[in-house]
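Worksheet for the structure shown next.
Order of writing sets the chain letters: A, B, C, D, E and F. Residues in each chain are counted from 1.
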Amino acid sequence: MRLLIVNPNISSGVTDLIEAEARRVARADTEIQMATATIGVAYIETRFEALLGAYAAATIASERVGQYDALMVAAFGDPGLLELREVLDVPVVGMTEAALMTAAQLGQRIGIVAISRRITAWYRECIERYGVLGRLAGIRHLDGPLRDPSTVQDDYAARLVELCHEAVQQDGTDVLILAGAPLAGLARSVAHRLPVPVVDGVSSALAQAEVLTRLRPIRATKGSFAKPPLKPHSGLSGTSLLHLVDGDIRTQQG
Amino acid sequence: MRLLIVNPNISSGVTDLIEAEARRVARADTEIQMATATIGVAYIETRFEALLGAYAAATIASERVGQYDALMVAAFGDPGLLELREVLDVPVVGMTEAALMTAAQLGQRIGIVAISRRITAWYRECIERYGVLGRLAGIRHLDGPLRDPSTVQDDYAARLVELCHEAVQQDGTDVLILAGAPLAGLARSVAHRLPVPVVDGVSSALAQAEVLTRLRPIRATKGSFAKPPLKPHSGLSGTSLLHLVDGDIRTQQG
Amino acid sequence: MRLLIVNPNISSGVTDLIEAEARRVARADTEIQMATATIGVAYIETRFEALLGAYAAATIASERVGQYDALMVAAFGDPGLLELREVLDVPVVGMTEAALMTAAQLGQRIGIVAISRRITAWYRECIERYGVLGRLAGIRHLDGPLRDPSTVQDDYAARLVELCHEAVQQDGTDVLILAGAPLAGLARSVAHRLPVPVVDGVSSALAQAEVLTRLRPIRATKGSFAKPPLKPHSGLSGTSLLHLVDGDIRTQQG
Amino acid sequence: MRLLIVNPNISSGVTDLIEAEARRVARADTEIQMATATIGVAYIETRFEALLGAYAAATIASERVGQYDALMVAAFGDPGLLELREVLDVPVVGMTEAALMTAAQLGQRIGIVAISRRITAWYRECIERYGVLGRLAGIRHLDGPLRDPSTVQDDYAARLVELCHEAVQQDGTDVLILAGAPLAGLARSVAHRLPVPVVDGVSSALAQAEVLTRLRPIRATKGSFAKPPLKPHSGLSGTSLLHLVDGDIRTQQG
Amino acid sequence: MRLLIVNPNISSGVTDLIEAEARRVARADTEIQMATATIGVAYIETRFEALLGAYAAATIASERVGQYDALMVAAFGDPGLLELREVLDVPVVGMTEAALMTAAQLGQRIGIVAISRRITAWYRECIERYGVLGRLAGIRHLDGPLRDPSTVQDDYAARLVELCHEAVQQDGTDVLILAGAPLAGLARSVAHRLPVPVVDGVSSALAQAEVLTRLRPIRATKGSFAKPPLKPHSGLSGTSLLHLVDGDIRTQQG
Amino acid sequence: MRLLIVNPNISSGVTDLIEAEARRVARADTEIQMATATIGVAYIETRFEALLGAYAAATIASERVGQYDALMVAAFGDPGLLELREVLDVPVVGMTEAALMTAAQLGQRIGIVAISRRITAWYRECIERYGVLGRLAGIRHLDGPLRDPSTVQDDYAARLVELCHEAVQQDGTDVLILAGAPLAGLARSVAHRLPVPVVDGVSSALAQAEVLTRLRPIRATKGSFAKPPLKPHSGLSGTSLLHLVDGDIRTQQG
């Protein structure tokens, strides 16, 4: 399987963290390609930033159509995930969705630890969009300005572990998710200090991408994930997004 | 009040329908400006198309920052609504949100009539995002290919009225929304043939924009609609979106 | 538009606060009439008191049938709102409903600040009745005996502002409602000290009444807000409520 | 136990049906008193009619304070139930609440059969108020004008049984409620023709009143069912409702 | 009525507590039989322990088929309740279900006080299974190792009362449940020290069993509580469970 | 990885179907062991049958403790899944849970096709237990007596495909689950005839077991999936279940 991992943020340091974790987990026959957004912000905390990230992810996905067998949107909150699932012919996975579905098989109530206060509203809405808000034990978060997203997990390791313990002790958490691409790989290194299983978004998404690829689900031709009906469009010619919208081109790619 | 109405679709015929309805309802002191997306599709039915529409709406909104006192996203499903509410200094309204909040004051269970089967999943998720799924009586829809979005309401008037009656008779609907910018103004012309109040997205959004402007709510500086924290960005210079992301520029605009 | 504002409590001091706020917001062409309940209690905190208030509001509404184009139930918790919406021929708005629908267009999670602990259960049930409990961030409240409802906002201004800050800081509130007719107008005077938009029940209801009047929705003849089916009645002749129940009289009024 | 059964409708024929069923079920030591509203309508189908019924029930309850050990509100939809539970010193039961809580112990999904289409919205909101909407399999109903509420169960027995079968066959109903005081006693006579247990509102409420009386729960002095805080009132002197509102009188009754 | 009360735990000391409370409440014509599990653990706190308890309860219920007119599962969390309701010909009640349905008629928001932290997750899932999670104000609990379940209520009476007060003061509780068979009877002795009504699982279940027996609901022959369809089975011959599974035997018992 | 697949039903024909599908999907390094219940019924359709199945599964799981690295409960409805997850040291997966979590990554609204009407209530409660009822588009089912569970998918292939199409056309299904171990492998053979992706319980559970094993989550020592606190027990010595309950033995196995 050729897996394209798209970091919808511009931070290449975070891309490195993602790649490192992904390679640790990937099967021998999984070939990983990385891509980093060239348009957008250093890390996504809000709905508007997620819109920028979703657009960037769609652009990258469309540029490389035909070059990958599955795609991972590698930012927590999954910008563009459901949108791309409509138009791509291959499985599309997201860090949040994959982490939630994996965690749900390890415990009933899921606790989330995040890197900022501001980011929590966006996460909450994302979990609600997936219809599993009833499984959420709570979201705990760091509460200060972050210097550099790619060093967050080193800078605040002790505090993050503390938040995990609070989530278990006070929120009734059965299983934890360390949320956000900047925390990629942290679950692995702190697991032994925690009292419940802990799930990482990148490794969950990688493993779930392998599952979906192996099960070879057919592409929807009906329902809300069939390709959008063809219709007049404008302003897309010359852009790669045209591949995802235009029927003639879609047929050639398909 | 200067109200910018953004049609996030490329169909100028639909822009005309929107404008006509908006002008019928607007107060004398409301000055309407229209804008039509130059990038995207003829009408939005899916999540991916909504992403294109949201991006187009954000681009237009950023190009004209400072020229309007309120902004209306004029497509049902409200592409980019919550996202823009984070970054703009003025009230932002959406056709779906405004129609739902208006309808909710006319009856308990809200029925929606839409222009295609495919569009219903996106609407349903939008209603869920606003937390009012429990108020939804049902969504009924036309079920064939549409030739031209700007003539839908003429082409299918009889069938649309029939769907309204079914919604009341079979779904327990107290109040109806005729959904989609292509149906702008239809509520006005068919109301007398219906057994319950019917709400139009454009006129609701216009009236709610006037309400929000009049009540002069302060701009959030905390919570999830405060402006996103400033952070490194890339690929935006030279684009109008920079106004919405960059602190220095924001200050000048603010 | 002739708007009848009914205070379902007996406190004329609160009626004055309501009127002052309403007049500040009303359009030039909105003619305001005030009415105060002659039966009932000084301020409504409980379900039983709300029943007394609803009955008083219905009595006033029936006495003046034909003299107003819209009616506002001016107590938080909206006693009698849905009931009157069934029987009156004109739009009926409530402070809570209007505040919630307005606030919902300014932020996702709504925080409420109230004047007593006891009142919070009734508010919560009211919000649940409107199907928007999922939007509620929390309810915070004063916690002592109130001397006089008409001076609450002066007596406790500092504490009320403090509660607002706590709602934002601890509950994840995006937008605030200062709840209760005794707080009418307070939002206006404290807004500049708050970090998120704040909504007032009276001004919201007034503005929404203007919206509903302008949009001229037809009267329901089916669904659960059509007039109740005619049926034998008793004990109402000689009372104004007869106008709302009896078919012959209804026809003359209609 | 002295049980006061209040029919909040004016139909004495229905009062007779209620009494007959209640006497069939009552323990030897349960002394039944009947009361019929003198103000209101023949049968309650809507929110407004329920307001009239609630007020009538409160008036009767206050007139006889001290003469009963428990009170049953004997109309489906329970007009005034929660309101009276705040102010009376004795257990208060309702037909809908008691039927739901009894039925819930006989099956997971509860189906309701009702006497008119219009009545279903009010029932649904009542079930929602009790927080058990998730247990509702569906509401099926007669769909024509009713001549006389006190003969409905005879006039439409066959159709009502048919509706019960449809509820089981098509809605996944485990247990049925025959809803509405006019159907009091019908469950008993048709049970043998039905494939699932069927619950009657009157006999459920009578039995639950006996339970609550026997368990002798203490009266709440805190929480939302403590008596409303004393406060200025008006227009109640000379009326029996004063007993429920005024502290001095309350103490004497207490 | 012959009522079989099954303690699905092995603790005979707790059986004694249950019996004492049951006898205090039972009508003269209710004949009580007690049974204690011989397989299982001292008290059930978890899902796995509940599985052991459910199996033990089913075994006892099957051994005595024909000897009782109603059955009570006498452990909080109701192990085996819905399962036995499918196969037995008589009403089956549970402590949690009965306590919830009784409490729901005394207040809107129900607070629970439990004997250990670990037990709370199982209770919460049980309440969710009954579809009344929306009525739950909160669960408060002792937080230390318990020496002997049959002396818990004596050992920790003061702390349990304190937890009750916290539930009212901090969670908005209207009515309390003292949860767990080890607390059987405590409600009776501490009620006078509490500010809201308090419900006991054993007495509630006993009273509800009497109600269900008196109302004589028919046995379901359709829906999800009809007897399971007959089908091949294995490993049950020689065990009493065969009575519940095998059609020939069922007929003889029925 | 050594994966123990437990069929909690006694039908060895179904065990064969499960094994065949599992082997088709398993990685080379996954070693599969099969086990079939010796106590219970031919296929589980009800809560009571699920209790028998759960007990049988627990017995098998305890007999082979130490011989497997992951365990699959191979009946739809997942009898004993959460219970075993508390007491085993290895990942435990279930067909329903795994199918739901896999399907959730392929579409928003999940449709289920089942082998009998009776089975649907149990499935619905299972989906509710996992907190994803909001994702359920509907459950459609065969509606006749089944001769042999191991030939259902051959006997009714055409009808099952028809039900799939109805689920997409009428319920708004985005992704399908063919539910029940008797349908193991059917998804693979009919996928090309369906308009949306279709998920199989066995292959989903196998793939998810591989994911959970690979991610090596730590064992919970707190929260509701930590091992149950040690306590007195009885009647288990000499049975394998003792391994799951007794501390001394647990340590030796651990």
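Following the convention adopted for this analysis, contacts are C-beta pairs under 8 Å (C-beta built on N, C-alpha and C of every residue); 3 or more make two chains touch, one makes a residue touch a chain.
In this text, all values refer to a predicted model and were calculated from it rather than measured experimentally.
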Intersection of the contact lists for chain B and chain F: A, D
Shortest chain-hopping distance from chain A out to chain D: 2
C-alpha-based rotation, chain B on chain E, 0 to 180 degrees, nearest 5: 180
Same or different residue numbers at the chain A/chain B copy interface, by half rule: same
Rounded Å distance, chain C centre to chain E centre (Cα mean): 44
Centre distance in Å when chain C and chain F are each reduced to the mean of their C-alpha atoms: 52
Chain centre separation (chain A, chain F; CA means) in Å: 27
Chain F: positions in contact with at least two other chains: 82, 108-109, 121, 125, 172, 174, 223-224, 226
Each pair of chains that touches, named by its two labels: A-B, A-C, A-E, A-F, B-C, B-D, B-F, C-D, C-E, D-E, D-F, E-F
Residue ranges of chain E in contact with chain F within the complex: 10-11, 37-43, 45-52, 54-55, 58, 80, 82-84, 86-87, 116, 118, 121-122, 125, 128-129, 145, 223-224, 226, 228-229, 231-236, 241, 244-245
Of chain C, residues touching chain E in the complex: 120-121, 125
Contact set on chain F toward chain B in their complex: 108-109, 172, 174
Contact set on chain F toward chain A in their complex: 25, 82, 85, 91, 93, 97-98, 101-102, 104-109, 130-132, 134-135, 168-169, 172-175, 191-192, 194-200, 203-204, 207-208, 210-212, 214-215, 217-226
